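Take a look at this one; I'll ask things after.
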Amino acid sequence: MSRIDLNSDLGEGFGPWVMGDDAKMLSIVTSANIACGGHASDPETMFQTLVLARDNGVNVGAHPGFNDREGFGRRVIPMSPPDIGRMCAAQIGALIGIAALVGVPVTYVKPHGALYNDMMKHQPLLSAVMGAVASYPADLKLMILATADAKHHHTMARHLGLTLVLEAFADRLYTDQGHLVARNIAGSVHDKAALLAQVKQLLASNSVTTQSGKSLKLNADSICVHGDNAQGVALIEDIKALCSASV
Amino acid sequence: MSRIDLNSDLGEGFGPWVMGDDAKMLSIVTSANIACGGHASDPETMFQTLVLARDNGVNVGAHPGFNDREGFGRRVIPMSPPDIGRMCAAQIGALIGIAALVGVPVTYVKPHGALYNDMMKHQPLLSAVMGAVASYPADLKLMILATADAKHHHTMARHLGLTLVLEAFADRLYTDQGHLVARNIAGSVHDKAALLAQVKQLLASNSVTTQSGKSLKLNADSICVHGDNAQGVALIEDIKALCSASV
Amino acid sequence: MSRIDLNSDLGEGFGPWVMGDDAKMLSIVTSANIACGGHASDPETMFQTLVLARDNGVNVGAHPGFNDREGFGRRVIPMSPPDIGRMCAAQIGALIGIAALVGVPVTYVKPHGALYNDMMKHQPLLSAVMGAVASYPADLKLMILATADAKHHHTMARHLGLTLVLEAFADRLYTDQGHLVARNIAGSVHDKAALLAQVKQLLASNSVTTQSGKSLKLNADSICVHGDNAQGVALIEDIKALCSASV
Amino acid sequence: MSRIDLNSDLGEGFGPWVMGDDAKMLSIVTSANIACGGHASDPETMFQTLVLARDNGVNVGAHPGFNDREGFGRRVIPMSPPDIGRMCAAQIGALIGIAALVGVPVTYVKPHGALYNDMMKHQPLLSAVMGAVASYPADLKLMILATADAKHHHTMARHLGLTLVLEAFADRLYTDQGHLVARNIAGSVHDKAALLAQVKQLLASNSVTTQSGKSLKLNADSICVHGDNAQGVALIEDIKALCSASV
């Protein structure tokens, strides 16, 4: 990993409701995946989050999700791939519209929750998302999961003139194919020691040790972190320290 | 009126619900104010409307309104001017995102319903809307009502590097200040004969005869028409014929 | 069918949007499944529909659906059976609250769209819906599809002190198990002649001829009709005439 | 105050978002105003809050508000009094539907935020809310602000067969008419000492000392408390201690 990037899902409040400590997180991470009014957020929340991102010099990405605030974008809403492309285009545009008011560029897109998971499983959906991002009249990259299929994903993207950003997860166990082991499987979410070990391995060799014990090269550009609570935020500061030490 | 432009509010369906005959209207008008998911529409409806507009060679405008589908943007939702600017920016961006998928440019913005009326009454609100449109990273004009204050409005816009499009209403009686007489006042909405007479006067001298009988110069660039039902659509075809004859 | 009941989904407008000709339909059908603000409707639409139902002496049922107006309740939103029971309870309550203002009793519940289909396929879901209806502090029946499993369904309901109303479809081809053949299968939706023949058979012997040519006894209490357009409404008037003739 | 009742707005989360510490508050207060899916909440949140209320033996009230989660019911949405009555009826019904699943009675209604304030200012609106509550097919009281007009309010309610519950505020300065001094006026919100003094006065003589220094008899049945943060919760425990001491 030549440039150490830490990305996190932020700006996920809605109206009067707060989610996490965005101000703290934006003082740590280097890329912010900012909700766009689909699974979370609204114009005012987007604006306030974008101001914080700008003031912290954090790289801004659009974080579209299913239009389902009640389910926080974690439920698969049945939609065709073209419909999903249109939904993403509208949400990306919404954030970019507000970012223009703030004076901060939006440089990439990372889908959220069930949309992200589905996109990594179903190629027509990934194509639709890639198409929506590539056709947007701004220079946007797409952030997806670094898997064993990365080469194929890069080829798909190149045909659309799109650049991918590959991300790895600090806290999750991987399958041999580079997918995340489902959360309901024992051992799928790392404890602190395993998490920090995985980050060290990513920094040293850009690989992870999979479920079966193999070493899988990821060539990730960014590490995804979650600061859902004070303990999570403290852990990200540990990760940040590892990253700084590795430069 | 050097170029005869007819604009209409379109794409105002939502999910399974239809509003008016967009296909018919898009074969008549030259500019379409397309709802952006605030007072009406959703990504799929935006997409289908934009495809129709593109295929008919109709000029496309974003038509933001209060986030209030239940009230169809006809209720004033109390919001500060900056909040309204952010709301508009998000909606404009949403339409532009989908327009990029369709391959049609969005060239102007015209606010909807209660937002439009409020904007013409409250200068801080008009400033906020102007600011949101001017800061958008695309070349967008703003369509507002042609009133006796047009010169002042042009000055406000010029300071933001923004170009205005002024519109006149075919079917509404005007006050001496160039505002629309409220709908609940008798005589405020023209019958067919008065409407066509007003269009003729607009085409001949770009003026209207006001409530008090004065002639008011409007310098309008566009005429707003409503095709809410079959009768309304027939009337627009009459207006269109007058416009064609006047060229 | 000792009492000839015709039921239809009504009150499915939302805010400014209209769906079908409720006034006409309420002059024909004997039971109205009225949307509750989930897949369609809002307090004002519920109120207006309930007034029409009351004035036409039509039996009123609550018609809950997934909270998904954009998808009109036709998409399966992933939810656990208890969550679905709670969603139904809230929607039924909403309609009953407004019906009290109108002075008309709500006497039954019929789920809508994807919720109805899912409920007929998944017994835990059917149990949850039954539980929500049975626990409601009003005397409510539940309307479900008359299938070959009707006896089992009656038993499930009896344990909860709940009475079922079984409905048959006029326009749909049946499987041997009494389920509706999926719409995407050729021949699944009857033409006018086949539809009227199916109604005659229902009236004469309360049975349908299934996909494989067998006669399946349904013991239905009600026939579901759809008046989505003028042609559909005319067909319902034909069905109504058959029903009247059969009495 | 013969019976010391403490009421608080609870169940105001939505989907993934939390608002306040309901579990803690429900161990202190004696009446819970539970949001109904208008300004906050959803079926699942209602259910979980009702379970907590039931398990703590807390009296349950429906807490309807404008259908405006983004504005948290703090913005006046322009609606006619009859529309507001229907909106309230739907929300009250929704909560009662879910309360039936939980097995806890809903005994009163207290409107929220902008709806509450508007209702205390505009008699047609108060009448509409009273009508909606009175017509509901369950025995529900209506909680309103104890003001100098209480006698008149009781008369209005009696004509509808409705019982009122009058509430006083612990933390707010009163006008001589018994209305709350607007929050933007200096001194309108009491500090801890003034708040506890006001509670003592309410418990001793059911009166408050108004803005002009007069003593105003309130005859309140309940005291409204807000536990928005840990400090607020601690203060409520102090109030509770005063109440217990006064019995």
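Letters are used for the chains, namely A, B, C and D, taken in the order the chains are written, and counting of residues starts over at 1 for each.
Going forward, contacts are C-beta pairs under 8 Å (C-beta built on N, C-alpha and C of every residue); 3 or more make two chains touch, one makes a residue touch a chain.
Since we're looking at a predicted model, the values are computed, not measured.
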More contacts between chains, C-D or A-C: C-D
Same or different residue numbers at the subunit B/subunit D copy interface, by half rule: same
CA centroid of subunit C to CA centroid of subunit D, Å: 39
Gap in Å, rounded to a whole number, between the CA centres of subunit C and subunit A: 43
Per-residue multi-chain contacts in subunit C, two or more chains: 42, 67, 70-71
Subunit C contact footprint on subunit A (complex, rising order): 67-68, 70-71, 75-79
For the subunit A and subunit B complex, residues of the former touching the latter: 37, 42-44, 46-47, 67, 83, 85-98, 100-101, 131-132, 135-138
Complex contacts: residues of subunit C adjacent to subunit B: 13-19, 40, 42, 69-72
